[in-house]
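Dropping the structure in here first, questions after.
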Amino acid sequence: MTIGVGVVGAGIMGAGHAKTLHRSVSGAEVTVLADIDLNRARVVVAELPGARATDDAFALIADDAVDAVLIASHDSTHAELIMAAIRTGKPVLCEKPLAPTLAECAEVVRAERSAVGDGVPLVSLGFMRRFDPGYVQLKDALSRGTQGAPLLMHCISRGVSSAPSATNESSVTGSAIHEFDVVPWLLGQRITEVSWHAPRAAGGVEFQDPQLILLRTADGVLSTVDVFLNARYGYDVRCEIVSEKGTIALTEPTRMVVDSGLRRSVGYAADWRPRFADAYRIELQAWVDAVTKGTPTPLATAYDGLLANAVADAVITSMHEGGRVVAVAVPALD
Amino acid sequence: MTIGVGVVGAGIMGAGHAKTLHRSVSGAEVTVLADIDLNRARVVVAELPGARATDDAFALIADDAVDAVLIASHDSTHAELIMAAIRTGKPVLCEKPLAPTLAECAEVVRAERSAVGDGVPLVSLGFMRRFDPGYVQLKDALSRGTQGAPLLMHCISRGVSSAPSATNESSVTGSAIHEFDVVPWLLGQRITEVSWHAPRAAGGVEFQDPQLILLRTADGVLSTVDVFLNARYGYDVRCEIVSEKGTIALTEPTRMVVDSGLRRSVGYAADWRPRFADAYRIELQAWVDAVTKGTPTPLATAYDGLLANAVADAVITSMHEGGRVVAVAVPALD
Amino acid sequence: MTIGVGVVGAGIMGAGHAKTLHRSVSGAEVTVLADIDLNRARVVVAELPGARATDDAFALIADDAVDAVLIASHDSTHAELIMAAIRTGKPVLCEKPLAPTLAECAEVVRAERSAVGDGVPLVSLGFMRRFDPGYVQLKDALSRGTQGAPLLMHCISRGVSSAPSATNESSVTGSAIHEFDVVPWLLGQRITEVSWHAPRAAGGVEFQDPQLILLRTADGVLSTVDVFLNARYGYDVRCEIVSEKGTIALTEPTRMVVDSGLRRSVGYAADWRPRFADAYRIELQAWVDAVTKGTPTPLATAYDGLLANAVADAVITSMHEGGRVVAVAVPALD
Amino acid sequence: MTIGVGVVGAGIMGAGHAKTLHRSVSGAEVTVLADIDLNRARVVVAELPGARATDDAFALIADDAVDAVLIASHDSTHAELIMAAIRTGKPVLCEKPLAPTLAECAEVVRAERSAVGDGVPLVSLGFMRRFDPGYVQLKDALSRGTQGAPLLMHCISRGVSSAPSATNESSVTGSAIHEFDVVPWLLGQRITEVSWHAPRAAGGVEFQDPQLILLRTADGVLSTVDVFLNARYGYDVRCEIVSEKGTIALTEPTRMVVDSGLRRSVGYAADWRPRFADAYRIELQAWVDAVTKGTPTPLATAYDGLLANAVADAVITSMHEGGRVVAVAVPALD
């Protein structure tokens, strides 16, 4: 059995997911692809045998050829499109964030709960680090517990250069938000309080970059998050978990070492795509499998997305209020 | 368009390939799976929707549901099964080796040439290292040529423990043979002469283990090959290419580092499967794509397999004749 | 010309310094060694040809055979002994800290200034990291400035187990204080404000361990300091400096890698002595050279020691006041 | 007690040793320094308080201020100078090689035996790798024997560029000879047979570079030696010992890692001096200590030097005779 997937968005993420679904995932085929720029949709569809292009995302969601929806359009469209998918009763995987605001996130979660009750939820959220083989190894090691209780984490998330539109706030909601999901996922604990700190700012960058964020989870574990969008030297994601008897940490995945010019070196990726290509592939397969079997999503849920946004809100409050410690406020849903 | 693949062999390799085809490769589905032990075939087929089990590999090859054949049965059956596939005109991917003897290899190559003439060859050979992302990076770097001409290579191929049936000769034909393919593939040069050397033998092992082999390619590059099937400590494949201005080498792929008990450590795989899982997946996709498009195989060809066997023969001659330098003799095909 | 050095303290540090002076430093010999436990002094002196033991540190300082004094006795004695050395006009190298309290530090600095005026200072302080080849490489790289301005630093200082007397405060004044010296030394900037944060505490430890400290220098660079005295897994000092175009970081110095039991591993030191043996040797040689030539000390000065204590005081204030940001107050000296 | 050392040779090695003796070794002072170029000797002596310059090495050896002799002059002078030192009954440390020819080596060994009989030998040979902390860790690990018997070794010795006078033979006698000493020292076994192999030669180099040498010790362990004097990329010495249950290997000693320009890198030394600075210092201290105490040298002996030359002779024979396996012939001494 093969499910038909409708992909919304023909940008880097949407085109990438469509290609991955077509090439590397079993049990699914892309049947419709939507973009507000129909030509852009057509270019992507040209590589996808049997798929149609449209500029109408809502028509895509309603299309009989679409059994499940993958949303990779602009953040501002996420909530509305997820709601539409929920109304049709179709499973939907949305790229992070769930919605730009916490209020919209809550609305989405309520809508899903109202639609499915105690049934299998419809919404999955694309926090792909949960499927990165490195993070999975960290989580497995934590669950074995041989190093005692975790106490302290150090997270680093650096890129080569930011998008032109980047701001202090988008650095939090667009990049650091991955840590707001992966830290509680690893520890099995919610983030309860945060604070935001400004290192010296890099010259020639329009916003505060890098940023340093402290996160505390319910069990008291403290995490440092170093987010630096214009780090120049490479795309570099690190994570070290310090526990009572030892530490575990990600290694930079490398395949080749070069000796040349008095240096021994390995390469960095220039952006997140090669670093997380495996994670996206595995994530999409896991989603397609769950949709096919009708089992609960192994991906982040809508509620996980709401929690990440709640943390982002608290961090931005701290940013705006002198770096004070801010408690994470999770909206009541009823 | 989806091609139907018939898989011969339900052992570790056959079951693994069938699962990879089903789960991670697009454009193909396993339609029939054969094993001389029908029950073993049935167990594997139970996980493959739409596939049938049989104990008759020749029936599988002839089956209308089979567009292409994947052979992962015992080495002794390879030549015969490939010949059968060639007779049906179906593309066939065979696990290495092409055949146990050089004479049979030559027979297979002749049969294929006779069948297809100047057309697209039918036979692909499963030297998966050609698709390992690390080896691919080495080859890409060599082709850029920024380090000048390659001069010397060091290859290491170590495993945790050998099969009970391992012998001096099978160590060459079963393990070192990967180097006999990958060294010329990397350098773009045939291996012309070899010599075999016996280090001190590991205690408690019935055959000469480790072995050291020297290979010389037509351009004069000398390669050392350290093959140690019972190295105990881990599955470990290394390759360093020393060129005029620098070196390139594989790194051990790791995802997690552990600090514990006064040691900082990363893990080794216990066997080749996790180390080359990506390679197998990428290889199978490349094969399916070429079969679908009717283009020449990007995998090793039957002739590449014959060349690797010719090197193995020369190495075994050196082994039996005091480690002398032996020229590689490639059978004439006409 | 050889200078006679009087060493005060026959504990681990004093005995170690005496041996290093005797064995690995040119231009100096240990002539007198003092300890309140005369027998302990005698044991150390037995390995030092020509040296005498005493239980009277003040007599040692006054001794004609003593041209320069090295203080490695209990922290509580530092100020008093330095003052005595200043009174004799003899150069003195004191292990950190300069004194247990900031007031005493100020008193020592005033006494030295009053004694030497514009002349060559007498007091050197044993912040040995300034002579560690790794930190020296970091500082050299920073001074070349090829990576642009430093923005953010991550410092880690972990040990296997703490002394029985360790407390929240001694963790700061005894261990983190190394960072309070080395961060401004690396950056060429004073630390101006700090905050203290408590991660989840390790079980079975009587005090808050680990601790996380944030330091800000005058140029705005923010540093995280992770101090964990009972990290169990090894003695581990790390430092990463994130600059505008790249990062530099210490590597763990290792000499041997072991492949065994499905792991590839390198060793950690069990305590600080092997890690900083080179640093101590180089530091002592630099001190002896400066004393011999009558040139200003290349080690940390008394004022550097005062500054480090001022930072420690601010950190402890933050610790006692809910982790708030505390400005570093440096006592006026006139 | 301080011994007076006379240093013969004011080149890189002699000047380096003189400085190390003066600065970093206890119990010795350089009293006389000889060079055939008296001005060169004077330049070095200017940095050595109390030392005199001479152009007469034999006068130096006879000088009453010289208790022990360190020879770092041209290889061709070694045997003659050692013989002179033996005649005076003074301990002598000679840089490798003991002598240019095996016959001269034998003469030196006979002269020493004749002079000292059953007494403490006079001659030490400067195979400094025996004091490199990395090699010492390898030897310690081997002596613990936890990995079972050694079976196979891989040695790599690469430099940036060779001296203008380098030849096929000098590559063996000047560089590979370090392996001919360190391999038997590590394994506790003599090298009994060798063979020499020519990889493709680097362009623009006047002699065969790199070279590959196989060594077999009496216990059957086989060692590969990759010597490449013009490797360009850095000074790089590696050693891996493959044993029955695992491997141990040197790591490249590094202190700092740099992230920059999509690369993570560490540095190589440009020549052997920084790589082996610690080894030289520790070696000289060990020599001075043994001389002072009148105990047998912990360095390589004259006989060790003779053995290394015997291996070099065998390797050169193999080089000249088509790479055949050549047995190492050790001259009879009586």
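Here are a few things to note about the model shown:
Letters are used for the chains, namely A, B, C and D, taken in the order the chains are written, and counting of residues starts over at 1 for each.
Criterion: a contact is a pair of C-beta atoms (placed from the backbone, for glycine too) under 8 Å apart; a residue touches a chain by one contact, two chains touch by 3 or more.
Values in this document were obtained by computation on a predicted structure and should not be read as measured data.
Of all chains, the one whose mean C-alpha position sits at the greatest distance from that of subunit A is D.
Superposition on CA atoms relates subunit A and subunit B by a rotation of 180 degrees, given as a multiple of 5.
Computed centre separation for the pair subunit A/subunit B is 38 angstrom, with centres defined by C-alpha atoms. In terms of their C-alpha centroids, the spacing between subunit A and subunit C amounts to 44 Å. If each chain is reduced to the centroid of its CA atoms, subunit B and subunit C end up 57 Å from each other.
Among the residues of subunit D, those in touch with two or more other chains are 233, 245-247, 259-261, 266. Those residues of subunit B that touch subunit A in the shared complex are 1, 22-26, 49, 133-134, 137-138, 141, 147, 245-251, 253-261, 266, 285.
The touching residues of subunit B, counted against subunit C in their complex, run 160, 233-234, 236, 252, 259-270.
For subunit C in complex with subunit A, the residues that touch the partner chain are 148-152, 154, 197-203, 210, 212, 214, 219-222, 224, 226, 228, 231-233, 242, 244-247, 323, 325.
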